[in-house]
Amino acid sequence: MIITMSSGATKKDITRVKEKIKELGYESKIFKGVKKTVIHVIGATDRERITQSIEQLPAVERLTPILSPFKMGSREFHPENTIVSVNGKTIGGEEIVIMAGPCSVESEDIVLEIAKAVKEAGAKILRGGAFKPRSSPYSFQGMGEKGLKILAEAREQTGLSIITEVVSEVDVPLVAKYADILQIGARNMQNYQLLKTVGRFNKPVLLKRGISATIEEWLMSAEYIQSEGNHDVILCERGIRTFETYTRYTLDISTVPVIKELSHLPIIVDPSHPAGNSKYVPALARAAIAAGADGILMEVHTQPSQALSDGKQSVKPIVFKELMHDLKNIAKVVGRKI
Amino acid sequence: MIITMSSGATKKDITRVKEKIKELGYESKIFKGVKKTVIHVIGATDRERITQSIEQLPAVERLTPILSPFKMGSREFHPENTIVSVNGKTIGGEEIVIMAGPCSVESEDIVLEIAKAVKEAGAKILRGGAFKPRSSPYSFQGMGEKGLKILAEAREQTGLSIITEVVSEVDVPLVAKYADILQIGARNMQNYQLLKTVGRFNKPVLLKRGISATIEEWLMSAEYIQSEGNHDVILCERGIRTFETYTRYTLDISTVPVIKELSHLPIIVDPSHPAGNSKYVPALARAAIAAGADGILMEVHTQPSQALSDGKQSVKPIVFKELMHDLKNIAKVVGRKI
Amino acid sequence: MIITMSSGATKKDITRVKEKIKELGYESKIFKGVKKTVIHVIGATDRERITQSIEQLPAVERLTPILSPFKMGSREFHPENTIVSVNGKTIGGEEIVIMAGPCSVESEDIVLEIAKAVKEAGAKILRGGAFKPRSSPYSFQGMGEKGLKILAEAREQTGLSIITEVVSEVDVPLVAKYADILQIGARNMQNYQLLKTVGRFNKPVLLKRGISATIEEWLMSAEYIQSEGNHDVILCERGIRTFETYTRYTLDISTVPVIKELSHLPIIVDPSHPAGNSKYVPALARAAIAAGADGILMEVHTQPSQALSDGKQSVKPIVFKELMHDLKNIAKVVGRKI
Amino acid sequence: MIITMSSGATKKDITRVKEKIKELGYESKIFKGVKKTVIHVIGATDRERITQSIEQLPAVERLTPILSPFKMGSREFHPENTIVSVNGKTIGGEEIVIMAGPCSVESEDIVLEIAKAVKEAGAKILRGGAFKPRSSPYSFQGMGEKGLKILAEAREQTGLSIITEVVSEVDVPLVAKYADILQIGARNMQNYQLLKTVGRFNKPVLLKRGISATIEEWLMSAEYIQSEGNHDVILCERGIRTFETYTRYTLDISTVPVIKELSHLPIIVDPSHPAGNSKYVPALARAAIAAGADGILMEVHTQPSQALSDGKQSVKPIVFKELMHDLKNIAKVVGRKI
């Protein structure tokens, strides 16, 4: 059950509602929007009793039962799209945002070279991993803070915002110091301690879907972040695991219209990981924008064959540039712009 | 191993090669193209010996080893796209073909009404099932020949070509009498007797991917049709089965660029079955064209709630018309036309 | 809705009920058991009206609503286990039946050699394919009728009953002439014409689960056979397709207790196809019996490396003999015998 | 590449080898067994050069190339079974160990009641969650340290060892203070920071398979623990996610023989989570022991309907007791004992 307070509700009005909920035996969570405050009654089963007790309190505008297990992420709760702001750019609004860069940060020279190339082609955000979750403990694990500094330097020189992954709750303060968007990878989609930790920071979070997470579980993981107070969650579809082996994962393109219906959160698509091969990336990126995605997160590298990770699925800047041209035109067809 | 004969090869030249292959202990299959004839040496393991024996025979242009398990469907074997002709329309060329209509043929009035609506919006081919494979023996199983006659009548009145499913090898002659394209459904993708039977008819075949068939198995099933002499095979991606339940199946959009790389056969996309819900169909159709598909096969119904099957995933003509507008514009972006 | 007639119901009583159902606007199917006749009202939605009209007719014992989509296969409908008889042996009763033999029939000598070996170790039924559904049209497709004759000869010499696959509705009369049990393979689980055809023959049918069929779809396919009048259906779990590649398929061992709860039909397990490797077969066979399966269908070959198909997953007779020893002991633990 | 030192190798001999490896440009990891020390050369590509440089150094017994991506967990590296000791009981040896208890620790009374019941039936280890990873942030998240104290009290009173889950790297020292075995849940199988952390503690770790992890990825995650120095890793199969919905997950029983072939680590089976329903649990537990598992981890509750989590899949003590009887008999058949 969600209680929407009227726009003029005072602190006292809100406290009064909160106490009433407690009196009825339920917990509550406050969600402060730009215009209105809403209060989530957790586990509310006896709707009639709650309605009777609360609807006549001062400044209570309306009560909405939320049937889906995800509450704050639900469109029932928040009908308009959430628009996330990152250094003046917006994600989830009319504009489609392209995030591009190397899989992992390997050296300052290469990162700068790639950053300039993707910026020139129209990307607004630079991606790059400093902490890399790798299947093998014997593989390159990322440069750590040194990598974060390189990303910050690239931001300085190009004006691009930066997104980078955080893999440990302990590292969140460090990564948040440098990054504009905190990325939670697919392997950590249900690392709830990490989700709660980023939920307490004031930085947008990009939450990748786990390789076998249902859409509902994914939205429940977003809820872990939102329920700690951080409402700037961006969802990122990156392919699910199926029996098919010609591609690395199976891009579940249907999540785009499904998420748009169920949730107000922005959804972007990573075409690189499901493809697993740079040859297929442009087709998947075009499909994502045509399906209605709010952005693309993809791997671009100037020397893919030299990359320390995921080189095979990284496209070259020349391919990225041509792709951006197509994406701009498709964006227009679906009433958006890049 | 594939032997390409030069364009001036005579019947005698071809027979000579065929006999040589037999002498070496292998079977062969002849594939006659518009310009050149190619000969497939089945199970050829001793490449060197075959090459030495055959490359100097008259009119032998070149020998190509085909490493993939599918031979006639492989792009190694036939580098240019196969273009299938259906009553003057082409599938697999520059033009993108839209096939639309009801899931099943239910009455002449409804079929004609739908046929006129989809034609007006720009569809070129009318779909509709007269023989329906249903999970339950207690569900409506289709109108049979009466349904085929209704489709033929709709063709007569609208000029649309018709595609309809055949579910039994015994019914192939009957269905082929009425249909312009024979459809093999997902459940029958590995019904090899049915594949061989349609392979002996002179009608294009649309082969849907099984719900858990790998791309390789799908191309091997196409090979069953091609190896009987029918080269007009159109592949149709219609979603695979995964753990996700918000959609009926998971549209594997990546198959579009993968098939385009591996094979010369046209590939079209059915956005209705994976969606399972008309709300998601337009997004998937747009994604398919953006990804490079050669066409769309989708369910349109004037009264979805009254449909005897799959009404939930059928869009109304008004939605179809708007979608066609978008598809035409996306086709332009990817260098195609509708 | 299922109507159970009392044990003394006459033909006239049954006809009266049938006509009443027709009058109410529904179709019906008669299912004659050893003691009682039951009548299935198809698509019955208005339960109250049906009950009122029918419960007072003579010889009507009781009306049972069947909520599951499968009716005749449901345990609600038929609480006791179905016991299938094959030449005096029973499947689904106290005894556990072992079916073993080569993947495909390749020569009389080899089949006889294998038949004698599996008989000696305790198998009761000989398996072997004469019509082989193969992914590639260029692979060995089976010996056809010649293979069936070899199986019949092996039956003659050993007393083993024989089970063999039928892949085409056209071949059913031929295969039924030789086989004691007709096998429907995984690829044809939803080849409804084939299911209906074997449903009209008086031979037990072993129905393998499709590689991505849900348990419900599998029981619905059994329903196609049962609803044509053939009630001797044996289910066979043979592994489903998942992302895991160390094994050929993933044996879904849970189907054994699930089917036992939902249905009265016998369920046996094929440990060879999911394993894909003879090393893993004994463990899976033991697990199947421990889980409560009614039998095992497995591949045994005297010279696995020479087999024309599936040699890798065929165990040698010496391994089979040791396994039979373990299976007998596990059968005792679960209150059964081999 | 793995270098096995002879049993009399001195510290100096080992250091010499280590330095040689460094000189050749590779990193190394030391693995000290009871009798022999082995050294892992990481990423060794130039085998010939390494062999020539190292095989003649003092106390080098032999060099073994390990082709699998997992090294320390590979049977090539360590042919005998690893036997993990927990308070005098062994896991991975002749004896099969049963771990049972409630899903989550809810109150001292209930935990003690269950502990006594499972002990009486023959369980050796008590399971129970104090930190619960839940899909919803609004669900019961566990009692935390209070729950750990209750488990310790149950150990005190019954003599059972205790296994409990740790969900955060930060909590490892706290959980390790109370638990005898640290459990890593399926959701955290690729939470590498957590794996590394438990790898530095001197407590056995039970590592559950992720719901869509391949066997290789699972063994690679074990490698994260082993490569930090903790060799007491117990693998636990708990079902994978597939399309089938009659069960909560699909128990992949084949992992038991596959892991036994690939690795020396003990493997146990959790029949409760894949079943998702207590009705199916005994069949799966019997199957696991028949397949060769080293133990069972299952949920038992005295009042399943009152459990705060997973009550539906918890069996009652009476069922558990009967099951133990069967398991003991099946253990004998496969040459083991409980």
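A, B, C and D are the chain letters, set down in written order, and residue numbers restart from 1 in every chain.
Following the convention adopted for this analysis, a residue touches a chain if its C-beta (ideal position, glycine included) is under 8 Å from a C-beta of that chain, and two chains touch if they have at least 3 such contacts.
The shown structure was predicted, so the numbers you read here are calculated from the model rather than taken from an experiment.
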Contact-richer chain pair (by C-beta pairs counted) among A-B and B-C: A-B
Reference chain A; chain at largest CA-centroid distance: C
Approximate Å spacing (C-alpha centroids) for the pair chain A, chain C: 49
Length of the line joining the C-alpha centres of chain B and chain C, rounded to whole Å: 33
Between chain B and chain A, distance of the C-alpha-averaged centres to the nearest whole Å: 38
Multi-chain contact sites of chain B, meaning residues that touch two or more partners: 212, 241-243, 245
Complex interface listing, chain A residues touching chain D: 42-43, 69, 71, 133-138, 167-170, 187-188, 190-194, 196, 211-212, 217, 220-221, 223-224, 227, 241
Chain B-touching residues of chain A, taken from the complex the two chains share: 212, 214-216, 240, 242-247, 250-254, 256-258, 261-262, 274-275, 279-280, 283-284, 286-292, 326, 329-330, 333-334
Footprint of chain B on chain D - complex, ascending: 241-243, 245
